[in-house]
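Below is one structure. I have some questions about it.
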Amino acid sequence: MGFFSKFRKKSPWILHYNTGGCNGCDIEILATLAPKYDIERFGALNRGNPKQADILLVTGPVTKNCRDVLRRLYLEMPEPKVVVAMGACGHGGGVFRHLYNVENGVDNIIPVDVWIPGCAPNPRALIDGIVEAIKIWEKKSKDKEYMKNHSKEMIKNLGVNDD
Amino acid sequence: MGNKIVVPFGSQHIALPEPVSFLFDTKNEIITNVKVDVGYVHRGIEKAAITKFEFTNVSYLLTRICGFCSITHAGGYHHGIEKLLDVEAPKRAEYIRLIITELDRIHSHLLANAHVAEVAGYENLFMQGVKDREIVMDLLENITGNRIQYDIYTIGGVRRDISKETAEYIKKQLLKLKDKVLKVYDFYDTDYTFGLKTKGISYISLDDAKKYNVVGPIARASGLATDARAEFDYLPYDEVGFEIQTRTEGDVWARNIVRQMEVIHSIDLILRAIDNLPEGDIKVKYKGRPKGETFVRVEAPRGECFYYLKGNGTKVLERVRVRVPTYSNIPILKELFVGEKYSDAQPIVLSFDPCMSCTAR
Amino acid sequence: MVKMFIESFKNLFSKPETVKYPFEPFPEPEGFRGTILYNEELCIFCDKCENVCPPGAILFEIVDIETNKREYNYNPYLCIYCGACVDVCPKADEGCLTQANTRTKPLGEEVVKDKKLGYLMNRITNPKEVEKAWSELEIRAKESREKYAEYKKQQRMKKRAQAQTKKENS
Amino acid sequence: MINPNVEIFETTLEKVVEDIKNWYDYKKYHYVTINGVDEGGKLRIDWIFADYNEKNKMYVFRVTDVSFDTLIPSIANIIPSAWMAEWELRDMFDVEVENTQKGIFIKDPNIVAPLRKDK
Amino acid sequence: MISVILTIFAPILGGFVYGIERIVRARMQSRMGPPLMQPFYDFFKLMDKRPIMIHSFHALMGIMYFIAEWFALAVLLLGNDLLIAVFFHVIAVLALVIGASSVRSSYSVLGALRELMHMISYEPLMVLMVVSFYLVVGSFDIKDVLHYNGYPILDLPLVFIAFLLTIPMLLQKSPFDVAEAHQEIIGGPEIEYSGPFYEALYTGKWIEYIYVFTFAFLFGGSHYWLGAILVIFAFLFINLLDNSTARLDFRRMVKFAWIVLIPMAALNVILLALI
């Protein structure tokens, strides 16, 4: 499928889920869809449908109430897929680190590929992050490394045994 | 189409920027019953504010309750803590606070209005509305150094000053913005299909608004003139000539129009504030530890935000209670759906401009 | 409807408002709150920045208890870029802690190496380990602090004991 | 510096609903929220109101020394939007409030009463 | 010969039309927009995604939609009855509806029901339009229409306007994009398809573009330049309409179609029959 994977970097479809962040990142995602930054230049669309999405854009520190929804969304997305954690909350919970209802970052629930720093990251940072994610996505599909390289712990965490 | 279909709306949905779940029972796409779950975003900030953080930097946590109204939370907290510490911010700091607060209100309202247009299927109106918002975002980035979390409040003043050149720049940009906002206001006001989609939807009468204690633009769209800026003294709003904007229609459309009117009024307020910007310090030193209790009401973009602070003379506060606008608007939102079409549910939710991260904290 | 119809038609023939960001540079504005940079030579190890940091993205680990040698660690991905540490730093004017005007690059294929980002970021090579390493460091730093306190206590006890024995001897 | 003009009505748990019922007029006053404070093993509950017309004016119905196992009466009959604060009170302090259920914010059974100092 | 080539390369041509449309839409919203080849990039990417099937019938119906759509276009272009082409289009949409209502997702079922409402709205109009062509040209055959010496648009101005306002229903554009309604039911019938199966739906849409614009072309008769102008006009008009209207309720759509559009077209047909 080498021919097809050539084009994959030009059409990343995004699924966005807020797992308990402060909205700041979500505002910036909307701003990135807006005319000034216009992320559709890279072919990116906000699909809102896990079955047709390639990049899962997670904002927020993952509260305990959101955890299962996030896991389900990740599993519903067809391979190959990339997870981007946006903002400081996505990396270890940010300012909400070690609060009682917080899971301390996206990486404790699903494997993350790209972290975008900032609170909140501005649209330029988001574009940088998407570009980085596309690179990793391309590599992933070339290596066919799907979920095989997940650690056993992670697979158990996700609640799946095979694939 | 006579069968009952249960339609979930959230917690992940393209029309929702935040997780909140509505479960609609529909019959012929008419909603007959609704279940709401608002607890997805609960992080436990009130607990952290009284255990993990000292009173000097708890505001960094509290501003991150919500990205839209971050400056309001900072305001609510700092006005309270300044009362407890018995310090008074200098006049110039108060004016700078006012400018940032109103700029924040402008960007929040513009986005909220545009989002209503977007979920009504009016993509172009969304783009036109959000296009102008970038001017405000640039201003905020220039003044505070960040686009969303400004962190400009500090106990006894502000962290950054507005220089003369910046003041001129703000003035120039805001005058430019005003023309554009008026143009978009015209679209919201006169657009036929947008009116079809929004007029008469989810009507709240003045009596209901009072009974359910509705706050913010939603209340003002029903003719209830409530606004913490007028009902509570916290920033020099009297000096810049604040007036409450109201409509009487009480539907989705009126909420949009009220927000747009407030945007225009906010621009006027900022222009006046910049003209009267007093000279002097931007920060005063404070001493001691917070002791006693205080009640603060501040006006967030979505309505009145209430803070209760209690200190006991130590570094860590004893109780921080945050009551946010959406928290008091959810009860009436829940009542509104029954009898409306499913296709109108999204504009109704978004016209409330719900802020779940505030509500659940 | 009609107004927007005309507006759309006008927009079709006017220049789009989009900036071509990744292809053309877009510098951050003056006073942008970017990465926190650290200069070890100027640091007096007062720990003020560590205590004030809201998310705990600055950690001093005591690597050598006897000489009280401390290592500055900074996690730019956990940082919320509020600038509180720079405000509180007593040597900020001389450039011990400064807030740069640039953004940190996203953490994807590789970890950005920079001496000014502290020790931990320079030691890690696999980007997926940053978060875990930071969690471990948090525990380690806490332990080292406790150990140091313990060591100090013992030192004091020793001194007191010595002094006492001296007294008794004399 | 702001100076809120707060009028505090001290009352008891049995009388509070009646007091509020007699005093509250939805056309004049504005219900703000219900606030619980843990005062060292005892709960203090404030029913907070504001005035539409008078500037800086707030009213507080205060009940002190509530133990954590008493049933707290609900005012949702008088003020229909009060249910949310009551549900939250139950979640945060693990106290029984009339006509409420657990789990509006905290769904994890391992977390109990985060705002109580003894837990 | 041209029609054979056109039929075979319809998906590619449709892709280009869709690509142009995305750019035009972006420009109208004062954005830059994606590159022209974007639909094909999407196409190739979707081919490479791992397929997730709900059940085989659902997937089959998705592919069926694509095939029936192509077949309808082939019938239309290869010189058969216009009426039969309209009916094949019905089959294609029906496949979509059946597939969508065979899964449990409530968005998909709602989308299927709304798609039926679409059909109720536009199918009578399509039939009326074909009938009016018959009245003008005297034949249901596309070749006869294309060799007709007069100007069908002059005979059928009201039908053309009615058809112009039907295109948003056919192509799922605002104000009548109720079945797709991205902000309400996230794509409706297509929500449960993924990877290569979604491909079929995605490409089926492109063919629908060609199918619809062929009808617009027919209004030019044998004057191909007029046909081309009409196609470009229709394309610009529906895009402007798409960008300047909010989505209306399906009740309003059906009412609009039955109270305004169908009487309008019928009036034209009646006048034509009388004169």
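In this document, chain identifiers A, B, C, D and E correspond to the written order of the chains, with residue numbering beginning at 1 in each.
Note that in this section a contact is a pair of C-beta atoms (placed from the backbone, for glycine too) under 8 Å apart; a residue touches a chain by one contact, two chains touch by 3 or more.
Note that the structure is predicted; figures quoted are calculated from it, not measured.
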Exercise. To get from chain C to chain D along touching chains, fewest steps?
Worked result: 2
Exercise. Which chain's centre, taken as the mean of its Cα atoms, is farthest from the centre of chain C?
Worked result: E
Seminar exercise, completed: Greatest number of touching C-beta pairs links chains A-B
Exercise. So which chain is the furthest away from chain D, centre to centre on CA atoms?
Worked result: E
Seminar exercise, completed: So, in whole Å, the Cα centroid of chain B is separated from that of chain C by 31
Problem set entry | Cα-centroid distance, chain A relative to chain D, in whole angstrom | 40
Exercise. How many Å are there between the centre of chain C and the centre of chain E, using C-alpha atoms for each centre?
Worked result: 57
Problem set entry | Euclidean distance of C-alpha centroids - chain A vs chain C, Å | 24
Problem set entry | Multi-partner residues of chain B (each touching 2 or more other chains) | 13-15, 39, 42, 44, 47, 60-61, 64, 124-125, 127-128, 131, 141, 146, 149, 191, 193
Seminar exercise, completed: Listed in rising order, chain D residues that touch 2 or more other chains are 106-107, 114
For this session: Note the residues in chain A that touch 2 or more other chains, in rising order.
Result: 35-36, 38, 41, 47-49, 65, 94-96, 100-101, 119, 122
Exercise. Which pairs of chains touch each other?
Worked result: A-B, A-C, A-D, A-E, B-C, B-D, B-E, C-E
Seminar exercise, completed: Within the complex, chain E is touched by chain B residues 1, 5-8, 13-15, 29, 117-125, 127-128, 131, 191, 193-194, 196-198, 341-346
Exercise. Contact residues on chain D for chain B in the complex?
Worked result: 1-4, 6, 26-27, 30-33, 35, 37-38, 46, 48, 50-52, 55-56, 58, 60, 79-81, 83-85, 92, 103-107, 114-115
Problem set entry | chain D residues touching chain A - in the complex, by the definition given at the top | 106-108, 111, 114
Exercise. Across the complex, what residues on chain A touch chain B?
Worked result: 15, 17-31, 33-36, 46-50, 60-61, 63, 65-66, 69, 73, 94-96, 98-102, 119-120, 122
Exercise. Across the complex, what residues on chain E touch chain A?
Worked result: 22, 26, 29-35, 37-38, 40-42, 44-45, 47-52, 182, 186-187, 191-195, 198
